[in-house]
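Chain IDs A, B, C and D follow the sequence of writing; residue 1 opens each chain.
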Amino acid sequence: MSTASEKLRASAAEALACGRVSLVLGWRKKDFWWQSPVAFVEAAAEAEQLSFDPFSVYNPVKYLLEATECHEKVGVFVKGCDSRGINRLLQDKRLEREQVLIFGLPCSGKADPAKIRAVFPAQKIREVAQEGEELLVRLTDGQERVAAADFLLEKCLTCRHPNPVVFDELLWEPVPVRAGVDVSRFARVNSVAQKEILERYTYWARQFDRCIRCFACRNTCPACNCRSCIFDQAEPRWLGKASDLADTMNYQIIRAFHVAGRCFECGECERICPAGIPLQEMNRRLIMDIDKYFGPYEAGLDAGDSPPLGTYRGEDPAGFDES
Amino acid sequence: MASNPLLPQVAVVTDVRRETPDVKTFRVEAADGRELFAYRPGQCAMVSLFPVGEALFSITSSPTRIGFLEFSIKETGVLTRALHEIEAGTEIGVRGPYGNGFPVDFLRGKDLLFIGGGIALAPLRSLINYCLDNRDDYGRVDIIYGARSSRDLVQREELLVNWPRIRNTGVHLTVDVRSDDWDGNVGFVPAFLEQLNPAPEGKVTVTCGPPIMIKFVLQSLAKMGYQPEDVITTLEMKMKCGIGKCGRCNIGDKYVCKSGPVFTLAELQQLPNEY
Amino acid sequence: MPVTREGFEPLIVAFCCNWCSYAGADLAGTSRQPYPSNVRVIRVPCSGRVNPSFIIRAFQRGADGVLVAGCHPGDCHYHSGNYHARRRFTILKQLLEYLGIEPERFQVRWISGSEGAKFSAVMNELTENVRKLGQNRKLRDAR
Amino acid sequence: MKKIAKTKLQELWRCLSAEGALYLPVRSDSVVDFALWQEDVPADLETLNTFLPPKKFYYPQTETVLKYEFGENLQLLDASSQAGEKTILFGVRPCDTAALSLMDKVYLSEPVDEAYRRRRENTVIIALGCREPEETCFCQTFDIDPGKAPGADLLAIDTGTELVVTAQSLKGEELLVALNGVLQEATSGDEIRVKDVQEQAGEGYLTRVSVHGLAEKLDTCFASPYWDRLYRRCIACGTCTYLCPTCHCFDLQEYAAGHSGERVRCWDACMFTDFTQMAGGHNPRPTQKERVRQRFMHKLNYFPRQHGGEYACVGCGRCVRQCPVNLDILEVIREMGGAVDGQ
């Protein structure tokens, strides 16, 4: 039986060798045990660098926007969360289905380096590999096996779609949805919502106060795929450059709002935020209200449906006084 | 007592002159009647219009004409659009001078060939008037200037009347687009230059214009035998501070606002091609 | 702007749809049904034209309360603008409350051209509710 | 040389806060950053890299450069003269201290930035030596000794149960005098312990790269195809630049209402499209490739060319850890020719 990484390499090499695609997006290993950036593979011989390990987290889908400008067809490896990003781009008419060859990777969740560092001294870790349900942690002085489930990323703990929802080939058997996901999905939102109003404001003000406006949340998000973002506009200027709390809230509210009904919960915005702002708590709050008022909806499952803010029903309830 | 280098002086726009449909020349004087600052031809200044913003413009007046600064400004963005709406009497902010300016000592005694296009006559005009005001210090002066159409000739009076009258001085004009009121040359500047074919011996060329014009003018000059040391041009980059700190106008390790905007072609050839 | 609670006069920005609510404001005026001078009406072609950015920007620039007023569902001059607005502002309102903005400060109402009295009543109510809350600082620009 | 038991640090901080606004590393949610000292909020003296480097105290993300009133008459008011309240930074790491001397080369060179100068003058830095590098630390590459911080006014070394404090400047000496009541004299034993800690700090680096000759090598690498490969992963966010202790590029923006306003200086990043975008539409760095190249060339070639060979990097590792796509300067140093030994 070949490992996951070997399957990626073989699929990419084959697709490149027979000319089905001229570029494949996957992941590769970099210097540190926790670094698995996206790799751009353009020749079968380069497919050897591909790897799929507990840190192959970064969603490669947004790179498709630029990649399909200079490649007729691009191969891309996607986990469940990533695949919903493809539907996002298809639905937003930013990508054509024929432009991508999708290799689906059922995924039981990725590891959180912080959780690993909390247990093992980071200085001693050489490699962390997935072996079935376990993580094999190779240290400078020996190795240890731990349950992978105890080291999952926050976003993986609430994942409802671990299997790709759109693909051409599935590289291995689908995996089950984790138990308890539906309860935990809105747990953080609810715990914030239960606070008193002033407490809620204080909580969010503290979070937003740390925002440095690096725009990593926007730039990584496949739902933020406008050709030109309003926050980059000079005229009219919707967002000042000074780091003022009100203006940061302006950015954060509108960013979340612009992906309302379109956010497919990959959680990358929150994971990569250097300031540790719990952005998913905002995105999920919007999802919660959309579910409540307009009926349950999950974005990125079907490229053919209509996002809830792009449509309406005459009998919609209103979240305000309609008298 | 050190002062804030980003703090402008208050100045008054004493005259606004329309040059072309999208270019105006602003005459600026210190609010208190003193001289704003001394400068050399080719240097620039930061002009602030409150509350719109600030940008760097070449000073188009010559330091030989004392008591005021002039800026010829084309309407291209938010700030320049707002500037085009002001009238004489408006108070603005000015700080400078910035940049190296033209090497007037190096030019002394030589024949000068000025090649300009569009709004980029602005920095050249400062040097041209400087040289013509010190006429005996310089050899023959030839000015080749092109605009999109006859309506777009900036500093029309100087181009058509004042400069051609000065001894040993020639003005050669061309426009891109033919029109009924134009009986001069029609064609792009590089082609016009090759047609005039001025001999390189003893000449220094100073050329300013849009990037595409510069590119082809430089090729033509090389073809005609001009040495890179004798070809001088200016670069334009986005600038915020003018004092080499805001970090955006560098080409390689040179900040255009401090080491530039004037470079010889020989100097440019040493820099990365990022302009 | 006075800041003591007794003397505090709130600033209310009301985005009113041209076809219904703005006409409602007109009617309130011509039929001498007074509404507070605290209200600044901004006429928009449709409640569906109101971008959430407008609301945030109003708060940033000093509004203490913001109202979006449009035609009643079914009456939109452009057929469906207010239906879209209803969805949009339903979730925006919940989001703002979730972030700690008092619900009274952002309101959405349907006011037709014949409801001058309602226009006046809504404006009075909104102004009084916001007056009780005091000045809004939460989304206000520092400079 | 003085010392204080780590259990008594609250007392030390109380005294320090009487001397000026005291900032030290504090954890808030998941992030450790410099924050104003509060009696009941514990400081975090273990984390090596704060979220933002202390450059924010000298060169704030947002600061008012000038205020103005317009209308009848234009009045300009210099805001820099208000900068620089008395500030004490406690727990600045050696790499971040070294970064300030690089920042000085920009802001204290002619024309001197007055606000920066005033803040620099009115701030006392109490550096905290590192005991053990983290996996992403590579300050040694730039000859920074993790146990020393020559640019600091005071250097504190954690010898286990105590902090041993040495004055390194006149400002530092003055502060030590003011702290006489809470500090004890250090002994010769403490001096030995300090030396041991300092020596040990220099060991255990996992990341070893060399920049020897790199600036010269990069002279010819502007057109290298390397940049074509490197940039593709970059998502053009500002994480690396904003978190970098040596990045110093800014923008000026207007904020006005009615007849008054202010001009504000705020951090800007070469990673952003509009950084070099000109009003007419021309952009000399039109794609992310040119922007990524600018960042690394600036740090490893242009800055050394402008400032006597010094690189604009101190090896703090923030960009290594925080870049969302793992595109960092370590990779560039390695791949563009810095010698590698170790990991």
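Heads up, the rule we're going with is that contacts are C-beta pairs under 8 Å (C-beta built on N, C-alpha and C of every residue); 3 or more make two chains touch, one makes a residue touch a chain.
Fair warning: this is a prediction, and the values are worked out from it, not measured in the lab.
*Asks:* Which chain's mean C-alpha position is the greatest distance from subunit A's?
*Replies:* With centres defined by C-alpha atoms, farthest from subunit A sits B.
*Asks:* Could you tell me which pair, C-D or B-D, is linked by more C-beta pairs in contact?
*Replies:* Most contacts of the two pairs: B-D.
*Asks:* Any idea which chain sits dead centre by C-alpha averages?
*Replies:* Going by the distance between chain centres and the overall C-alpha centre, it is D.
*Asks:* Can you compute the centre-to-centre distance for subunit B and subunit D, using the mean CA position of each chain? Integer Å is fine.
*Replies:* Each chain reduced to its C-alpha mean, subunit B and subunit D end up 40 Å apart.
*Asks:* Go ahead and note the Å separation of the Cα centroids belonging to subunit C and subunit D.
*Replies:* The answer is 46 Å.
*Asks:* I'd like to verify one number: the distance from the centre of subunit A to the centre of subunit C, where each centre is the average of its C-alpha atoms, in whole angstrom.
*Replies:* 37
*Asks:* When the centre of a chain is set as the mean of its C-alpha atoms, what distance in Å lies between subunit A and subunit B?
*Replies:* Chain centres of subunit A and subunit B, defined by C-alpha means, are spaced 51 Å apart.
*Asks:* Got the subunit B residues that touch at least 2 other chains?
*Replies:* Within subunit B, the residues that touch at least two other chains are 77-78.
*Asks:* Residues of subunit C that contact two or more other chains, please.
*Replies:* Those would be 141, 143.
*Asks:* Give the residues of subunit D touching no fewer than two other chains, as numbers and ranges.
*Replies:* Residues 251, 253, 255, 264, 268 of subunit D touch two or more partner chains.
*Asks:* What residues of subunit D sit close enough to touch subunit A in their complex?
*Replies:* 28-31, 33, 51-52, 61-62, 132, 134-136, 204, 206-207, 229, 232-233, 235-239, 242-243, 251, 253, 255, 264, 266-269, 272-274, 320, 322, 324-327, 330-331, 334, 343
*Asks:* Using the touch definition from the top, list the residues of subunit D that touch subunit C in their complex.
*Replies:* 64, 255, 257, 262, 264
*Asks:* Taking the touch rule as given, give the residues of subunit D at its contact with subunit B in the complex, in rising order.
*Replies:* Those residues of subunit D that touch subunit B are 65-66, 68, 70, 73-76, 78-81, 106-107, 111-115, 117, 222-223, 248-256, 261, 263, 265, 268, 270, 275-280, 282, 284-285, 290, 294, 297-298, 301-303, 305-306.
*Asks:* Under the definition above, what is the set of subunit A residues touching subunit C in their complex?
*Replies:* Going through subunit A, the ones touching subunit C are 189, 192-193, 197-205, 230, 238, 240, 242, 244-247, 249-250, 253-254, 256-257, 260, 282, 285-286, 289-290, 293-294, 308-309, 312-314, 316-322.
*Asks:* Quick one: in the complex, what on subunit B touches subunit D?
*Replies:* 2-8, 10, 31, 48, 50-55, 76-80, 91-93, 211, 236-238, 240-241, 243, 245-253, 272-275
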